[in-house]
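The structures considered in this document are given below.
The two complexes that follow have subunit A in common; it is paired with subunit B in the first and with subunit C in the second.
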Partner chain A sequence: MTARHVVIIGNGPAANEAAISLRTQAPDARITIISKEPIRYYKPHLLPDLIAGKVSEQDLYVNPLEFYKENDIRLRLGQEVVHVSFATNEVVMEHKEVVRFDGLIIATGGKPRIPEPLQVFEDLMLSLKTLSDAKVWKERLRWVDSVLIVGGDLTSLSFTKAVLSLGKKVYFILHGDSFWPVRFNEELSSEVSQRLSDRGVEVISCRKILRLVMASEDSVEVETDGRKLRVGAIGAFFGLVPDVKFLARSGLAIERGIVVDEFLRTRFEGVYAAGDCAQVYHPKLRDYWVSIGYRNARNLGRVAALNLLGGQESAETAPAGIFQLDDISVNTSWWTEF
Partner chain B sequence: MSNNIHHEGSGDLTEPAKNIIYSTDPADFHYVSVNVPCQSACPAQTNVPAYIRALYEGWYGDSYDLNRIVNLMPGVLGRICSRPCEQKCRHGEHELGRAVNICHVKRAASDHKDVNHVLLEPLFPPLGKKVCVVGSGPAGLAAAHDLSATGAHVTLLEALDEPGGMLRYGIPEFRLPRDILTTEIESILRLGITLKTGVRVGADVSVEQLLSDYDAVLIAAGCYTSKQLEIPGEHLPGVLSGLDFVMQIASGHSPEVGERVLVLGAGFTAFDCARSALRLGAEDVSICIRATEHDLRVTEDEIYETKREGIRIKGLIAANRVVGQMTVEGVEFSRTEPREVLSSGRRRIIPIPGSEFIEPADTVIVAIGQGAEPIPSPGKKNERGVLEGDPKTFRTSVPRLYATGDFNTGPTTVIESLAAGRKAAERIAEDLTGKKFREWSIRIQDAKITDRQRSWDFIPRQEMPSVPIENRLNPCPTVEIEIGYPKGQALEESKRCYLCYLHYEIDISKCIYCRLCIDSAPRDCIKLVSEVIVGRDGAIQELVETSDWRNVSAVVIDNSRCIRCGECVRVCPVDCISVSKVELVERALQGGGES
Partner chain C sequence: MPKVDITVEVCGMAGDGTIAAGGLVNEAMSLGGFSVLGFDSYPAEIRGFGRCVTRSRIGSNEIGALADETHILISLDDLQSRSRVPFLARDSAVLFDSKPDTLLEEEQSLAAVVEPGTALFGIPFTYLATAATGTSRGRNLAALGGFAALFGVQPEWFRRVITRKFQSKGEKVLEVNLKSFDAGFHYALEKFADRLRPSFAAANVVAGPEKVMLSGNQAIGQAALDAGLKLYFGYPITPATPIMEFLAKYLPAKGGRVVQMEDEIASVGAVLGAFYAGARAMTATSGPGFALMTELITHGVMAEIPAVILNAQRGGPSTGLPTKTEQSDLHAAVFGGPGDSSRIVIAPSNVAECYSFTVQSFQLAEKYQTPVIVLTDFYLDNRVENVVMPVASEKEKTDGNLYPDESLQGSYHRYLDTESGVSPRSLPGMEGFAYVATGLEHTERAQPDYTPEIHTKMTGKRHRKLQYALEDLPVPVEYSDGGQLDVGIIGWGSTFGSIQEAVNMARERGWKVAALKITSIFPYHEKEIRSFMTKCREILITELNYEGQLANLIGHLHRKEVVRLNQVTGVPFSPSAIFSKIEALLQAGVS
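On to the complex of A and B.
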């Protein structure tokens, strides 16, 4: 297609990679990035390092604002899309403005997932998805000496490393349903448990969390079906759910993400999804796949942009159980990197 | 509002008949269908804004009655209704937040009404006609009630041991307590209906015999034949029918389930099966659906509570075969590709070749739908041998023999079935007497400006309190999971309703085009228009907006966008904006109207 006006919803790695790929391939295209976060594009995978004090906030930011000006990319931060009409190719903003598009890339990323059985305890758990989440953790870790991590997603292990590096005691509850995005089995469970234990993490074996109670200002009491303990903070690391509530009733199919084919196409002409919010069916895997990690998100953003411009590039997908771990350029099981 | 109107007694239980206009003009019906979306979406046309407002004012009994006059079982429906009204609630529009928890408010009216609340019903004198209704599910009960209220002598035949049909035998007790169901059934039966249980028509008594004994016979026997997957392995031991499964539990039996249970299906029955399996001791229960979780037709609350109990929903998979040697060992699925949403509301699904995989299981429960069981009878049948009734008149090809509810249409929701039962009753009464007994009309009444406060629009949706997870399976697995709103929470939720039955209108002859109303409106509900396009029925079809001041012919309130905040009325310097209450109501025609 000759993309006249491409709107990109989101401002993470997939969105920014899509924008710059579009600019490179289609110098005349009008490109607009719309993001509800009023903050510049940063590297979310470095948030654990920020907590550990290994990097500063400035190290996280990727592009200065001038970058967008130089590349003629309109950056609209702090503006929320509330609806998309695929019949009229229009994006409706919260402040009632309607923006027309010829091509659309949805790269809104994900938001922390809390499994339904634990949602009643949501207020007592912290997650780590955004820069502000990291700041909350940084502050909390100044005061507490132990952390319970529940879940088992990609971020949980790098976060565990960060907490250990600060000399804090770490407890870990692994649960089949929460070990996202891979399918959990006994072999995987024992391998991950072993690696965590080797690092000094106390892995708690239990089937369910029965109760969380705020015991004091800086401690939470945890009751599982096996034991009780008191910790300074609880981290919920159950992976992500796509941040696409605004697309409800839009006609897009949404499961763990926006369902797209291997070329990242939705079923609407000129509409693509990339990054954490895309659920890709890949014929090689013979399965749907939600790709995670900074590098993968950037790759998907690039593929979406190229295909929007008429390309036929397939989203690279690693074999099941194998990940590209952020900036580590190896194909490996991510927990073995821990 | 139109001029095709007449003044009459109210017929309403809650207000005296004064300053009320009744209209049967099609334009007014069209207006309500567009502008009161909750009531239009309800198959029984329940007057949602009216009963929510009554509850807000503390009239729990009136709120209950406003439900009961059309849907007969507010206590039941307040728990298990599929809630089509909430899908259309204006509060759920894109920038307006989340729909009002209409159903929970309905339940609150039932829960908090006075224990001695007196039920009032318009009853007609005896007709001298005998009608037999076959089946005591929602359609049969509703038909029996209305026919009885109309003056017919009604006999209700039920094949099972107790009345209620799918309400009793298809919905688990932890969603619908039996005392609530029994009370509301009793309230229907005590109009003088003769209930005979354990009578299976076709076996214990023939339809021909009933036709000779009664002036009319209505078949409302529901759908009790489970649909089959028609895939290899379906008859292996360990594969259960969802309907049989829930019926066995309702009858006091406890079917055996293995540790790992897969439920195939996407409706309420599938969810009931999954949650029941958990209560019977299953450790790992999953609901397997062909489309996505977002395409499910069960309510958000049901999905949430099911997942809270630890049941997983596995989307985008379709069963190919059940695998196992002597007993079920698993199910082979294919991944599916979701396509467009069809006019039926279902999403088209394509299995993806080469994506097959096997999911292990000890028990498989198939809950993919039901069909009507053929009853031996005269009259035209469909290809499955089931008696056919006209979808509008409910008449079969045999004079005086009618069919309604799920038996006539295939499986629907409780509220649809109940509404169909009432319509069939009206038709039978009309056929037997040549008279109309009830009529739908639009009641228009001057109203004061709404006392709603703008801050109420930002009250968060009140979540239903429920039994803690750890207390659900033990000690009593039939304990009702949803606790119900306390009064305070019900009041908060009632405040969220915009009261869409209020109609705002600008009198152009008084308007000075100052546009203060437009400036004060919280959304684009007041429009400068060059033209108002009116349809053949006199209803407004389209407002042609203009931004050119020279072309403005009127300032119009678009009631389909209006959230009834009343700001425009408050700021208007010339009082040219009026408010009226426009409601779709069912009235008893006293003396019997001409058919």
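On to the complex of A and C.
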């Protein structure tokens, strides 16, 4: 394909890797990155280190703004896509602008997931997905002595480490929805539980959170089915769901991500999905998997770009790196032990 | 306390209320105690088409010039505002209408071209104004509400200036504007709660004595009124026309008249006639009109009749660049016309001086019985500054005419060759003091005479009085800390504000740099200029013309060739361009 104007929605590792691969392979292509976050590309997996004070905000950023200029990549930050029309190949922005494309890569990543029973407490719980979230945590941790972590996704473990390094007390509720999208099971739960306890984390065993109340400016009262406690802040860590609300009614198949084949193609010609927002078919497993993590996302971004330009590279990953679950497989090959 | 130095632009299509919005920004920030310098540019053509831009530099310290870059762009029209993007500072902010009536193509969208380091604030101006008032007319006010919320401007300042501006238009109009402002304010405050940039609030500026926003042209008009102007004769021309419009509005109430003449020749002729009869009069024009006036100006010189002529310079020659600024009429003002026709030429450099120099010009013209030319330029005429409302003293307004002594009745010599060259001047109707005012060379008794002796004597007389006038003319203003200097910059007119800013930048680096402002272009204060030049290793003369017309006039006073920095882009000098030249001169000196 001669890519005349490729629009990339998203500004994370998959999006940026796609952009630079496109530029390398198609020097004449017009490339536009559109991102609703108003800041440039950073490494999200370093956010816990930022909170711990191990790295500065500047250390997070990957490319200076000049990089995009030098590579003739139009970077549109703080601008949100609200609709995509695959009939007319148009992206519609929140500010009522229409951007036409010849090729499209959707790499919007995910957004924090809060299980339905806990959604009533959403306002009292912090998450950690963006730099903005990390800044809120950093500020909050200046004033509080203790944190309760609910959930147990992969980010929660590095976040716990960060909070412990600041000398704060950490409580942990391994929720039934923990480890999402990896299925919660006894074996995994007790292994993680043990590791947390070894590090000085107080793991609270409960089935249900009954009540969360703001007790004061810097404390929240928590009542579970077995215990009451007061903590400085509560973090919800239940993994991510694909950030693809803008694609509703677009005609794209979306399950736990945008459904794509092993070449990251959607059902529309010239439209690809990559990174955390994609649900990728694995021909050997004969099933779908979702990607988590920085390195995987970059790889998928690269593959999407190459295939958009006419390549035939498969996104399949080594089966050893994939957790096999009932209805979904997840590549966690990057997962470092807590 | 953080210093504030922020440039705000409002950009839209003619008819969007751009100029009105920019004016309200100026008024509100002035009310809050900030220094404000504003400059509008708008199409010279027909209303309803073309781009309008207002630029307001707002500071906690005194401001002398526009800045190079814009920090906040308030866009009322995406397509028009795209052209302003190259002027945005690196960490600037852009406010734009995020819910226009129709979908925009990428080629029309402002968001499509802003640099990624720019903070974008999409505020649905049109929607908010319509929802709050039932009409979209207040969308520019909704934009200002967003601006106030985002940047820590007290909404009360805006509410007061909005009320002041619109209350005369009726309750309904005022309500539309206030409600639209509030809608934008509350929307932005809530929507961007985590992205507010309260720069103005952080400056903690305390409002001093109340100031008014005045343009150079308004100050000139007001000064003429205060000086007791009786007659204004003029022919419309950019950028001088607003003076006539101002006087047409206010002069009749003071018993005066504004007369639109058939051309500039008639205008200056009428001014000479009015002064001949003893009435204060003036005309204002620009380069092409001034060229037409020159013959009659020299008539004023020869016949020794006062006149006040304002030349609002614009890009030339000929019709040139009507809506662009330039300082290229200095030669024409000083030397223009036949014969040795020296006259007084003064040049204000800011709005306050536009007022004071205009007031003074009437007395000077009367006292020295010669045309006085006030040289301004497009940038100075149209820029607005917040100043404490100037008031002319009774002394400044006093009749400057030197009337003949009663004892001379019957033996009156209209052109008596006195030591100063100034002769008592009678007015028509003064019995026993009649004379013939003539453009022919003449004797002391006003009789035509072409003999070598008379022409030599009378030419000397007419020039001598100008040297005497020096004691009444505004003296050069030195802007220095004293001591020996590496670079001395000399400038005049509206350029001087940029020079001051450049000198400030240089001084902050510890460089020995100073400036001298020439306010009396002709005659000039040779002693003071030489004294300044003596202290400087290099003299840099900075002007908005090609040749260096002031440098041609006074450059010979320096012991070595002066350095010239000239610009003919039609836009004012940026302080950084002057600063770069200073830096280059210093580096050359070091090597």
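One rule holds for everything that comes next: the second predicted complex is superposed on the first by the 316 of 338 C-alpha atoms of A that agree within 3 Å, B and C clash if a C-alpha of one lies under 4 Å from a C-alpha of the other, contacts with A are read in each partner's own complex, and residues count from 1 in each chain.
The rule is simple: contacts are C-beta pairs under 8 Å (C-beta built on N, C-alpha and C of every residue); 3 or more make two chains touch, one makes a residue touch a chain.
Predicted model only: the values in this text are computed from it and were never measured.
Asker: Kindly classify A:217 by the partners it touches after superposition: subunit B alone (first), subunit C alone (second), both, or neither?
Answerer: In the superposition, A:217 touches no partner, neither subunit B nor subunit C.
Asker: Taking the superposition as given, does A:187 touch the first partner, subunit B, the second, subunit C, both, or neither?
Answerer: Touch status of A:187: no partner.
Asker: Touch check for A:123: first (subunit B), second (subunit C), both, or neither?
Answerer: Neither partner.
Asker: Touch check for A:248: first (subunit B), second (subunit C), both, or neither?
Answerer: first
Asker: State whether A:287 touches subunit B only (first), subunit C only (second), both chains, or neither.
Answerer: Touch partner of A:287: subunit B, not subunit C.
Asker: Of the partners subunit B and subunit C, which touch A:99 in the superposed model: first, second, both, neither?
Answerer: In the superposed model, A:99 contacts subunit C only, not subunit B.
Asker: Touch test for A:82: subunit B only (first), subunit C only (second), both, or neither?
Answerer: So A:82 only meets subunit B here.
Asker: Look at A:198 in the shared chain and tell me whether it touches subunit B only, subunit C only, both, or neither; answer first, second, both or neither.
Answerer: In the superposed model, A:198 contacts neither subunit B nor subunit C.
Asker: Looking only at subunit A, is it subunit B or subunit C that touches more of its residues?
Answerer: Counting contacted residues of subunit A, the larger count belongs to B.
Asker: Now for A:40: first (subunit B), second (subunit C), both, or neither, which partner does it touch?
Answerer: Only subunit C is touched by A:40; subunit B is not.
Asker: Do any residues of subunit A touch both subunit B and subunit C, and if so, which are they?
Answerer: 92, 94, 96
Asker: Note which residues of subunit A are touching subunit C in the complex, please.
Answerer: Interface residues on the subunit A side: 38, 40, 65, 68, 74-79, 92-100, 132.
Asker: With touch defined as at the start, can you tell me which subunit A residues reach subunit B in the complex?
Answerer: 82-83, 92, 94, 96, 115-117, 119, 177, 208, 210-211, 246, 248, 251, 253-255, 259, 267, 281, 283, 286-288
Asker: Considering the complex alone, what residue numbers of subunit C touch subunit A?
Answerer: Residues in contact with subunit A: 96-100, 102-106, 108-109, 111-112, 115-117, 119-120, 122, 194-195.
Asker: Can you check the complex and tell me which residues of subunit B touch subunit A?
Answerer: 94-95, 291-295, 304, 307-310, 312, 315-316, 335, 337-341, 347, 352, 354-357, 469-470, 523-524
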